[in-house]
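Right, I'll just put the structure down here and ask away after.
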Amino acid sequence: MLNVAIVGASGYTGMELIRILHCHPEVAVTCLTSEQSAGKKISDIFPALRHRCDLTLENLEPVMVAEKADLIFTALPHKAAMEVVPTFLKLGKTVIDLSADYRLADPEVYGAWYETHLNPANLKKAVYGLPEIRRSKIRGAKLIANPGCYPTSIILGLAPLLKKGLIDPKGIIADSASGVSGAGRAAKVDSLYCEVNDGFKAYGAGGVHRHIPEIEQELSLLAKEELQITFTPHLVPMDRGILSTIYSTSIGATSTEKLVKLYRDFYAGEPFVRILPPGVLPSTANVRGSNFCDISPLVDGRTGRVIVISAIDNLVKGASGQAVQNMNLVCGFPETMGLEGLALFP
Amino acid sequence: MLNVAIVGASGYTGMELIRILHCHPEVAVTCLTSEQSAGKKISDIFPALRHRCDLTLENLEPVMVAEKADLIFTALPHKAAMEVVPTFLKLGKTVIDLSADYRLADPEVYGAWYETHLNPANLKKAVYGLPEIRRSKIRGAKLIANPGCYPTSIILGLAPLLKKGLIDPKGIIADSASGVSGAGRAAKVDSLYCEVNDGFKAYGAGGVHRHIPEIEQELSLLAKEELQITFTPHLVPMDRGILSTIYSTSIGATSTEKLVKLYRDFYAGEPFVRILPPGVLPSTANVRGSNFCDISPLVDGRTGRVIVISAIDNLVKGASGQAVQNMNLVCGFPETMGLEGLALFP
Amino acid sequence: MLNVAIVGASGYTGMELIRILHCHPEVAVTCLTSEQSAGKKISDIFPALRHRCDLTLENLEPVMVAEKADLIFTALPHKAAMEVVPTFLKLGKTVIDLSADYRLADPEVYGAWYETHLNPANLKKAVYGLPEIRRSKIRGAKLIANPGCYPTSIILGLAPLLKKGLIDPKGIIADSASGVSGAGRAAKVDSLYCEVNDGFKAYGAGGVHRHIPEIEQELSLLAKEELQITFTPHLVPMDRGILSTIYSTSIGATSTEKLVKLYRDFYAGEPFVRILPPGVLPSTANVRGSNFCDISPLVDGRTGRVIVISAIDNLVKGASGQAVQNMNLVCGFPETMGLEGLALFP
Amino acid sequence: MLNVAIVGASGYTGMELIRILHCHPEVAVTCLTSEQSAGKKISDIFPALRHRCDLTLENLEPVMVAEKADLIFTALPHKAAMEVVPTFLKLGKTVIDLSADYRLADPEVYGAWYETHLNPANLKKAVYGLPEIRRSKIRGAKLIANPGCYPTSIILGLAPLLKKGLIDPKGIIADSASGVSGAGRAAKVDSLYCEVNDGFKAYGAGGVHRHIPEIEQELSLLAKEELQITFTPHLVPMDRGILSTIYSTSIGATSTEKLVKLYRDFYAGEPFVRILPPGVLPSTANVRGSNFCDISPLVDGRTGRVIVISAIDNLVKGASGQAVQNMNLVCGFPETMGLEGLALFP
């Protein structure tokens, strides 16, 4: 039995980790921390957990946490993560960090998009935890940088095309939309029910969203050349889900059928990637609560564009589910353990 | 491994049965039927199932179904169920019927609220499948009448009070609200997104809803006297969930604290009933996707009313989850097997 | 042209006043205040107003406000209203107060449910602004206590029955449900999209909601005897709307048809009350954005209960629309002026 | 007073026409038709209309309709419109057609995307009713082809750039999202609440949506060269609204500030187009129920892309509101008459 801690447990990704790990037969959650709610039971914060997980939230004291757990999920805001991760590593613990702090290999890039990096030394140890792209490196890692939600949907969507050199790496556009849980559980007017409901909007348009450098880093590695993308996130009145509609320019003629075959070959054996048949498009509703990434590649015959549409649950494959998938790899558990649950539909 | 069939699999309760049984270690789903969609894959109807359950829907031919399964869930509309259940029973199969056809012990009552009963002979064999009230009878049954969603929330809410004689059995009012999945998956204008969204309404008010005789039958048994209730269902713009707010008149003085203790004692050991602490009220959001029934009994000190508020997921504890719980009891599996999943929140 | 000010304009009732008054031909909005957002344009807070109302929000300095307006809407939290209303009155202004501060005639009742009343002297001048019940008194008033949203739906729902003595004034139960805008625009975790969406819950159950004394005061006047009610509010995942389902006990035999006729006679000529035909029930969706109150009285023939269901838009007939209706009465404008807009459906 | 008829009144655009015209001082709605619901009152179909518009729906007999009205809105599916419009024109009536039947100047293009055109003779008389682009021609027209919802949002979004030659007419991508009312009021499983709620998906991707030829026709005219676009529509769980995020390639250097100024100049004096300040992005929530089109042009400095985001209410500026705007132009009423209502927020 693996003892795990969740640091920053009172947010939505923390809650989702608890939900998933509750059905994981090899794991015991032994420690939950929250700076705002220390002293309360987690089931008072999230009554859905009552009678199943009634642990008391504790203050984030790294040494105490490390005593209680062998593996630590850090579900903290950026910066807060890198303030504690070094201690966990020094104490020999495995860390799966859900923040952005260890995702960018170059601390200067981090500095340009976030702020000065406090822990560049550990960046080299960190493995970007997208199993479909980097499974073998994840297996041996002590520090996993769990990918962002938008990046997961976009990188999985484009990997076959870039890896095979079938599209122009220049000029890619990713038009994405997220459910509201992506904004977290902080009390903000912008996230109020009445501000969000029955509306749809873009935000962070024009190349300013912080997931951009992460997406570009990974896509550039896949394409084996530096590339830049245009990325526009949108907010959908729904709890969960990310859908990315990605536009690129084909190199040479292709067809939807060929692309579907290519994608199926590329992702053959992947337990959490589903390539939909030609003519069928993904919906976030079909992955809600599950660790799947549904993908439809297609060709616009009129304009020659290659379009890829991918859907994930931002809290599962886009955060906590992927973190558990990484944990399974790191710990040698079957990769799908605890992640067998089907989407909740409706 | 138990082979089970789901008859009427293309509706929401059918889908929910598949979702739950997918994580049940002792069960294999071997047959799905649908009159409208026979020949299609279930995963074409519900793409959430793709790669996990890709069975082809078959026509409902009872003998064929019985050959493929030892236990059969009938997720059909009323009347359609009693047209096939006798055959299944004759062939020695166990049936868990999610329709209303075997819930009312008296065929004349069925006739008054529905239509002439086609199979009164089997009514005596049927056990009303509310495990918290009738667990021992369920264990030996061959035909389970799985309770309705509103009745489940109301009967569990009132059982301790009526059993202990703490309220006047006369004059009970149940004011309930349901998510839209309760209306099923039929293409009706009334269930369209734009007709339902951002609105709240009552329907079937004034003593005409067909769940009334079922509720009264069970409450009368608990109270050991015939009683009648006033019941008003409402429609909430949400996918899942039923919340019942139930009003009654106390016999003798009591307090919220006493009631909470009474309820905790009454439901001690029940794996799926949670009695909330005084001052905390249930929300359907906290049981979404789970088999829990959350209950808060309380006293209005000003008016002396005893109020009970209960919440379930109409598709889980109100239908498919309870059906699996009954299957577990009938088959001797641990009662919570396959039902350990926590609510999906948010 | 009447110059009006809206004090506390950056909340939802403030926004709704601006929206309604924008189409009122006899009114000019000349002053908006907001303590949190002074200095900003109202159209930066509510971009829906851009190009139509771009006034700058000002600090709440009562003398300045009074210089700019002849009539003042106070859309402030309770207590904050009674801190400024006396000044407005002293300066000869007409005040329509949307808070609770002048709704309760007895300052001791106010003290018991809120806090010590700061301005009992003006309570006698205040007229409870429910036009259908108190139109003539409103006409001459200088201070209108605009009714609460739940009270409006319940009082209009019960007035014919109580006035005519057709129900037992004892034992009334009002089970109500509100959209989320009723919780205001404050940044609270409980009002976040993900906390509210796809869920339904009761709150403030057991006789503790502050609208109770207001409802009881008015119902007691109608019944000509002191009465108490049981009131349970619920939260619906929708922006706007209140539906009240009200249960009472009939005195003597009656029928749905008779009640519908009685209600139509009682409310004959009322521009904003619609009594639905027998068998048709109200939905908040049908009054969304309009000043209507839709009412269905009915009898449960089995239990003898008289049930009344009423629906309003909490921000219109439950707040800002009713405030404009009161303004029209006070100022001698046609009562429906500015309130002719139909509900937005869907 | 102008007598108008609405042919096909029982759909959402019909309802919206009634809602808007109810507040139009120069118009009387004298005839409503519906093939499915003839004989019923419109207020039984849409109870929001009760007491304000209780007309009885009639069968669609063109001569009878023409006798009752001087101007006719045809809110029919495509094909059904061109079966009756010729009769209305022959009888000297003015027609504002909300279907696609007269939007495409070339009947062969219509044939390629829809079916054989039945009435090519009248295509030449038809004026594409986008007032901001073609106001003077609309003024004298007898047959207005009211634009589609997606086209309105995209053409208004791109007109300044194409007209001024600031972007490459090749390679434009329009990524759009619509509320569910765009799918109409037909009883389809795909439009059920539970199928749509809490999900987001693309549909009709890959160059197959029927709005494409309409968009390309108008953009080509603006650009003065034939162009093709890539267009992907999405479905948002909300009642109303369309947001288009449009990607293009700049010719020469520009900046967000310059573009905002250009757009403000281009649309100077337009009553229903609002160009948002740099850094502010449109939301459909801010135009809900109003005839506004909110637009934000911006530059992605990293990639050089020019991005335009535009928002409308699909039922208002995308259908019925624009139809009334066209009626005002045709009839010489002030262009904003009946369209002054502000967005309903929240």
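Just so it is clear, A, B, C and D label the chains in written order, and each chain counts residues from 1 on its own.
By definition in this document, a contact is a pair of C-beta atoms (placed from the backbone, for glycine too) under 8 Å apart; a residue touches a chain by one contact, two chains touch by 3 or more.
Fair warning: this is a prediction, and the values are worked out from it, not measured in the lab.
Participant: Touching both subunit A and subunit D, which chains are there?
Facilitator: Output, common partners of subunit A and subunit D: B, C.
Participant: Looking only at C-beta pairs in contact, point me to the busier pair out of A-B and B-D.
Facilitator: The greater number of contacts lies at A-B.
Participant: Distance from the CA centroid of subunit A to that of subunit B, rounded to the nearest Å?
Facilitator: Centres of subunit A and subunit B (C-alpha means) sit 36 Å apart.
Participant: Using the average of all C-alpha atoms in each chain as its centre, how far is it in Å between subunit B and subunit D?
Facilitator: 45
Participant: Going by the contact rule already set, what residues in subunit C reach two or more other chains?
Facilitator: 12, 181, 194-195, 197-198, 237-240, 283, 285-286, 288, 346
Participant: Contact residues on subunit D for subunit C in the complex?
Facilitator: Per the touch definition, subunit D meets subunit C at residues 12, 15, 18-19, 22-23, 46-53, 181, 197-198, 239-240, 274, 276, 280, 283, 285-290, 292, 294, 340-346.
Participant: For the complex, give me every residue of subunit D touching subunit B.
Facilitator: 12, 180-181, 185, 187-189, 191-198, 237-239
Participant: For a test of understanding, state which residues of subunit B touch subunit C in their complex under the given definition.
Facilitator: On the subunit B side, the touching residues are 171, 173, 175, 177, 179, 194-195, 197-203, 205-207, 212, 228-230, 232, 234, 236-241, 243, 245, 247, 256, 281-286, 288, 296, 298-303, 305, 307, 309, 311, 346.
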